[in-house]
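This report refers to the structure that appears directly beneath it.
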Amino acid sequence: MKSHREELWFEVRQRRQLINITPDVERALAKSGIREGLCLVNAMHISASVFINDDERGLHADFERWLEKLAPEEPHAQYAHNVGEDNADAHLKRTIMGREVVVAVTAGRLDFGPWEQIFYGEFDGLRRKRVLVKIIGE
Amino acid sequence: MKSHREELWFEVRQRRQLINITPDVERALAKSGIREGLCLVNAMHISASVFINDDERGLHADFERWLEKLAPEEPHAQYAHNVGEDNADAHLKRTIMGREVVVAVTAGRLDFGPWEQIFYGEFDGLRRKRVLVKIIGE
Amino acid sequence: MKSHREELWFEVRQRRQLINITPDVERALAKSGIREGLCLVNAMHISASVFINDDERGLHADFERWLEKLAPEEPHAQYAHNVGEDNADAHLKRTIMGREVVVAVTAGRLDFGPWEQIFYGEFDGLRRKRVLVKIIGE
């Protein structure tokens, strides 16, 4: 069994942003030399997300509006976590969007349907944060 | 390490439906010959879901009503994604229900608790769509 | 390829509670002898969750209040599932929080960011329930 580990680093210049990281994960897979296996991609921070969906600008605007409805940022004082913090909403938003994805690796490629793309979802940016890529297989 | 890959195809005759696919995944596992490992089951489409819950008709009615409350289909124009599309709500519903499950394989069986069943959640049907089963192990 | 399987048992003395199970998963990993691989941790019951977030008491109070807003327990009769049952809300809450996590194993350790901790989320307690830990790798 082979394994490969890589970190992707981000410093998002606003509080919230969705970033397509599919090319980064594809590069990690190519480096790994793994042809058949599983590829885990997870946020290493608990106020960020890794998820799979469509790379469509309108949908991303819908996600922003929808997450703000389900887990609004303000008023900050509505959350017990926000004592010396203001990011409770980011923990909730990431819970809805998910921490991680597991993608099949087949014949050396991410085994995707036609529109699947991997995103990093930042919900508390303006600091350096990381995503982990771990691939196992043969 | 062994690996096995299989696609399950669906053409749901209504917009939304939950389908128990546990027997299909069990058949894929039997074909794989894998006794110990991990089994990934994921929707290959971004407006559908694979999740684990109870096969109980009342609960499924509750899911339908609850998802419509959290991410209503109509009015279609409330979503920026719905320009030449009408399925933004399906992307949101699938986000809540999840893209994938990873199930342990132990002694050649899906290693399940007493009520765990795998479902395909269709949120934008009336077209052919796929689920991927990828099993790795020995 | 090596594999290791272990069950963690819980009997929570109230309906809902979040329990940090990171030390239990670390012990299972140490027993496994696995250095590189993937570690699956999943609830074996469909009204409970395994998720990763921060071990912070204020945040946990926020989760309780937020889940009650998105999927309120009462009135029990609002749910079609609650015929001879009263736990439909627990199925919905677990759906938001997630059934499982997959964690990378690197150099014999759970490969975590600085604040990542694994929690068991009980949403229908007062009975014995289980979590599965399955680790594969080398």
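The letters A, B and C name the chains in turn, as written, and every chain counts its residues from 1.
As a convention for this text, a residue touches a chain if its C-beta (ideal position, glycine included) is under 8 Å from a C-beta of that chain, and two chains touch if they have at least 3 such contacts.
Fair warning: this is a prediction, and the values are worked out from it, not measured in the lab.
K.L.:
Hey, how far apart are subunit B and subunit C in touch steps, shortest way?
P.N.:
Steps on the shortest route: 1.
K.L.:
Fit subunit A to subunit C on CA atoms, both being copies of the same sequence, and give the resulting rotation angle in degrees, nearest 5.
P.N.:
Rotation angle between the two copies comes out at 120 degrees.
K.L.:
Subunit A-subunit B contact: same residues or different, taking over half shared as same?
P.N.:
different
K.L.:
Between subunit A and subunit B, what distance separates the C-alpha centroids? Give it in angstrom.
P.N.:
The answer is 20 Å.
K.L.:
For subunit C, what residues touch not just one other chain but two or more?
P.N.:
1, 38, 70, 96, 98, 102, 136
K.L.:
Which residues of subunit A touch subunit B in their complex?
P.N.:
Within the complex, subunit A contacts subunit B at residues 1, 36-38, 51-54, 56-59, 61-63, 66, 70, 96-98, 101-104, 106, 111-116, 136-138.
K.L.:
Which of the residues in subunit C come into contact with subunit B in the complex?
P.N.:
Residues of subunit C touching subunit B: 1, 3, 5, 38, 40, 42-46, 70-71, 79-83, 88, 91-92, 95-96, 98-100, 102, 130, 132, 134, 136.
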